[in-house]
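You will see chain A twice below: alongside chain B first, and alongside chain C after that.
Take a look at the complex of A and B:
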């Protein structure tokens, strides 16, 4: 069937069947998993670090405004920053604020950003928690407000505010909530560990989200290599006595964990370019986000902790932690028995989509799913880049069905209209094209540059339009003033020339002046 | 022999009348080239090109009085866009008109401002607010960085500051890339 020709309504109908059969998306890669090394040990909480560094930019949107200043005492879970309309930031510990200053943080630019530095007092004293009582009968708006209060963002990596996504879904008639548990990038195993250890919490969060969205079904997508996870989740769903929650195994192909790719696997439908999954009546959330929703709504706890994988050949004993936001990476590495001798590079995120960081003083943030320490052997000598030979491999593996070789040339030569037309904005920066390119062209680097350039050009043309409008308005105003002044002058001259009725006008003027004197009690000379 | 001549003559007259009618019916009032040139200019109205604003410069270019390399705020990208539009060769910026500078905005030192309103009158985009003998200030988001407010200020209380790309405005840098025979540099 030609799916592009289908109406949106019939696509939404088809999407209701999500997960009954699995489908394929275009391209993708079979990569070596490398997940087992970090899954051997159970997840632990590391000891409290000496200092916690809580960045004020942990979400999509503006930098949060800090509520606290140096020397102030804070409680665990106290709100310390807020940015409307994005997410709030909370203190992960009770203690004293040492400073609000720029510190190194997880950002592809490598630039430092504003952080609240907190020295814990070790008491772990919580603020008064206010869970939603009887959430099963609470209104969806109450649930969404609680989610917003607790500073929830998408924990899969995009850190889009959860309340905004849920509210948008609420307004658009969602039938299916998809929980994304298919973390397809090599090395990362934090979601798998979460599903193994806290399946009840994920199911609880799924039910809360389902109520908040007004959805009927929940589909939890996991990878076919995740072993015991399916059993654990199914049992948890049965225990909760909740119908319409299904756990679906999908084939492990990178990047099937991408939102659009996963929806294609589950429904066989493509989310329209420039559209959102809610166009098909679906909302996709990470499993970790669902667990955080359960914490927020049922226990009233804000998002101050997450599962993170610390792994790679540069780590002595790779494992997963349940770490507080603000914990420096160095503290986690020390808890893993430190680096191996030949560690060469630290990467935040996975090997395909992560970015390198300069120092391990960088703290854990809501988005940190993995810290990857690579050795010299892992980062093989960068091979010299060669000209494109137009082999087309990149187009074969592109999960967004783009033409990377074409986009690369267009960006290189600055053909921005064509770049737009060829759909650069649909690129998910998964790195598949990079991986297969026989000429070793850093395609994703080009695409990131191209996207930045497109944003810059859009902002510039906006500024130009604003300046033009303000200039034209000003010119029009000045012209109007000039005309008005000229008119006034001619009127006055006319009056001077006009002999008839002159005596009356003089009498009127004298009367006005006298009237003014009697009213104010002053002579005209005084005034 | 006569018939083809007559046919061709008739055709010529018909088409000629048609074209003549179209020329009157679809006459373009303003010169579209000026509009298109003006659309490529940055609208700072700074006058560095030697004309009193972007539109006069666009008019001068269309009359071939001015060259396309006289706009410093437009930069190399602007010159290239003009060259593409007019089918001319791109050339480096004319140093007489100024040099390429990063984007700046002005700020008023409120301690020193005496409230004379001279800068308000000079600002081409109404980006300065204030009133006589009251403090003035610049709306940073509307300031185009044209620096036209600097000369009239009698107490020299206006400073030019560079707009630093903050962490939110950060963009990935351009990769180095190799010389590619298929790509004109």
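Take a look at the complex of A and C:
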């Protein structure tokens, strides 16, 4: 629906109706769900691993500065790293720091990064927890500060610091908090399990976040295939006696769970290009983030644990865990009865947007929602890449209504002005185009490259602009100097001329004086 | 215990389809039309399809070799076969063998590979091949068979083979029987000579709407087209706008003067219009990318076809219309970019 003609203010008004009717977004894919295999057993905490590897970069922003060094004792929940203005990192166990060193991190780059390696002592001794007392009457700023203290980040995958998003939302007059429970990628079921098992905590977290944001309503979006979840959440909301919390079922179409797509489904509105959901008066948080907010504010517990799905045909007994941050994936796989024989690839996240990891001693981080072990059959042999035949399938499935086939060509040939015009920046890298491409062109890879190149070009043009300005300023300065010098010259010349003139004047004066003297001599007291 | 794994790019799922599968689907969709063609006009068309496919693959292989490209993935993608079959469906069923050879040389060698191969061609290769031979060898290209039902003599498989390879009909005096003009041609010369359309249409080569036999072949092509629509290999925009624009534009002419202008549906069911609407103008490589663009593209094809049929020098103008719109496609694309999310 084209609502671009509407003013932003009227769009914000319309956004208040979020969830009353559901709408559609463009494109998307119906994918095989594959979620049931990991939902059969209740979620358990695995045994403590021998070592925990806690990366210092688990959030959007800079690497956290470590507070601890090798040999130091730490308590469970103790802060071990901090990065202003992003999120803090806490020790998931009580024990001894073995080392602070570079280890393979769970990160799309695959590069090793600084990690705090902790050997647990098994006592699970907590640091003294400081919950916010009476959060219902606490100031929003207190709540936000607590959220920041506890190292909360968005658990849906973007790991944007929660306190920053909340504070920004508060400043921008949010009316609706959307909790995203529509986990649209195949295989992943950790949010569904969380909603089934801890609906009260999610509702509690939602209320805390609502207060911190100053929002009026909460809309929890879940998939239409999660019947039990809707009941559980609705009941929990009723129990909490809280009004204005609604649970809305949305169709299961990938990438429904994308923030912009979900907002479009709930409101029929599109987040303005280059803008944020807060432009429409909305903030979107993952349901797991809400549960973590409840833990942080009401119990004072930092974010050191999360629900994670360990699944795929490469795992003997797929299931969900409540795993400590820092637990090596290999430990979770062992708790699932090890790999099957034909395991071929390990992916963190879902099959559409997840990234592969090279070794399984990579640890769980705040963002890890799923460890997916795929077999050769699941991924199939890499097909040869063929030229684009412009069939347009990619454009049909693109949720951002872009023309991927054109963008691909433009990036390939370096037509950067057109790349800009055709809206590369609106690409959410969902991978729908990749999936349907009959020529097997790695489109998302091209688009990431294109975005990087655009950033580089923007920086370059900034530098060029600066250099140009410098040059122009210098030219202007030189011109000014020249003019000043010329002026000075003329002034001096004038002065010289004046001096010559002054000589005359002096002569005149002398003449006048002499005159006077003569006259005075004749009649001294005449006057 | 640590274990290492191979990595690879997302999405971590087997690909949905291949270029070869898309092309095969198009070929499959052509089967009903080809069978109907054989039913009405004899086995000549099958020989032409085989011949054209042979030459298309030959030139494809030669060009790939010459350009230093791998043979296997490109020979196996069936794109040259689609070009060959679409071309064969446009030429008289008993045209001599070298027609295919020359046409495929231009279609595959020039229109496709000199522009950069699969996916890079500006013009529809089949139409380039067809237009080259149509302009160069007009006499050969206008010698059409009458439908079997009307024919005094109808060449069987052997006679067709002999005719195609020697250029002579093996039965004495049968040449006239195999070189009749098409219904569209008859109509055009008739109208130009000042005769009334209803009078012209009373000739036996005309059917209910188009030419006898031709209209049924068109129906079967349309059936294949619906299969492609159902499979989402093509979008509805191009076929609808091609056929829609032909009907809309010819309707006022017919209403104003039914004696010198044929009924709109006759335009639709004559010549190559239905084949073009579903199989040729829908070629994604040389067409438009957005849905709005496709509608403009299709309408252009329909309008130019009618203009050529009505005022031009050729009885059917579909091939020229497609090529002219191919030229306009990049420009149309430029002005029909869809609104993107949040814009």
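One rule holds for everything that comes next: the second predicted complex is superposed on the first by the 456 of 527 C-alpha atoms of A that agree within 3 Å, B and C clash if a C-alpha of one lies under 4 Å from a C-alpha of the other, contacts with A are read in each partner's own complex, and residues count from 1 in each chain.
To be clear about the criterion, a contact is a pair of C-beta atoms (placed from the backbone, for glycine too) under 8 Å apart; a residue touches a chain by one contact, two chains touch by 3 or more.
What you see is a predicted model; the values in this text were computed from it and never measured.
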item	value
Broader residue contact with chain A after superposition on the shared chain, chain B or chain C	C
Which superposed partner A:448 touches (first chain B, second chain C, both, neither)	first
Contacts of A:346 with chain B and chain C, given as first, second, both or neither	second
Touched partner set for A:308, first chain B, second chain C, both or neither	neither
Partner chain(s) touched by A:232 [first = chain B, second = chain C, both, neither]	neither
First (chain B), second (chain C), both or neither touched by A:260	second
Touching partner for A:113 - first (chain B), second (chain C), both, neither	first
Partner chain(s) touched by A:473 [first = chain B, second = chain C, both, neither]	first
First, second, both or neither for A:405, with chain B first and chain C second	second
Common interface positions of chain A, toward chain B and toward chain C	384, 386-388, 442, 445
Contact footprint of chain A on chain C as seen in their complex	1-19, 21-22, 73, 77, 79, 117-120, 232-233, 235, 284-285, 287, 289-290, 333, 337-343
In the complex with chain C, residue positions of chain A that touch it	2, 4, 26, 110, 260, 264, 270-275, 330, 339, 343-347, 351-361, 372, 374, 378-380, 382-384, 386-393, 395-396, 399-403, 405-406, 421-423, 426, 431, 434-440, 442, 444-445
Complex contact set, residues of chain B against chain A	42-45, 53-54, 124-127, 142, 144, 167-168, 170-175, 177-184
Residue ranges of chain A touching chain B (in the complex, touch as defined)	57, 62-63, 107-109, 111, 113, 384-388, 409, 412-413, 442, 445-446, 448-449, 451-453, 455-456, 460, 463-468, 470-471, 473-474
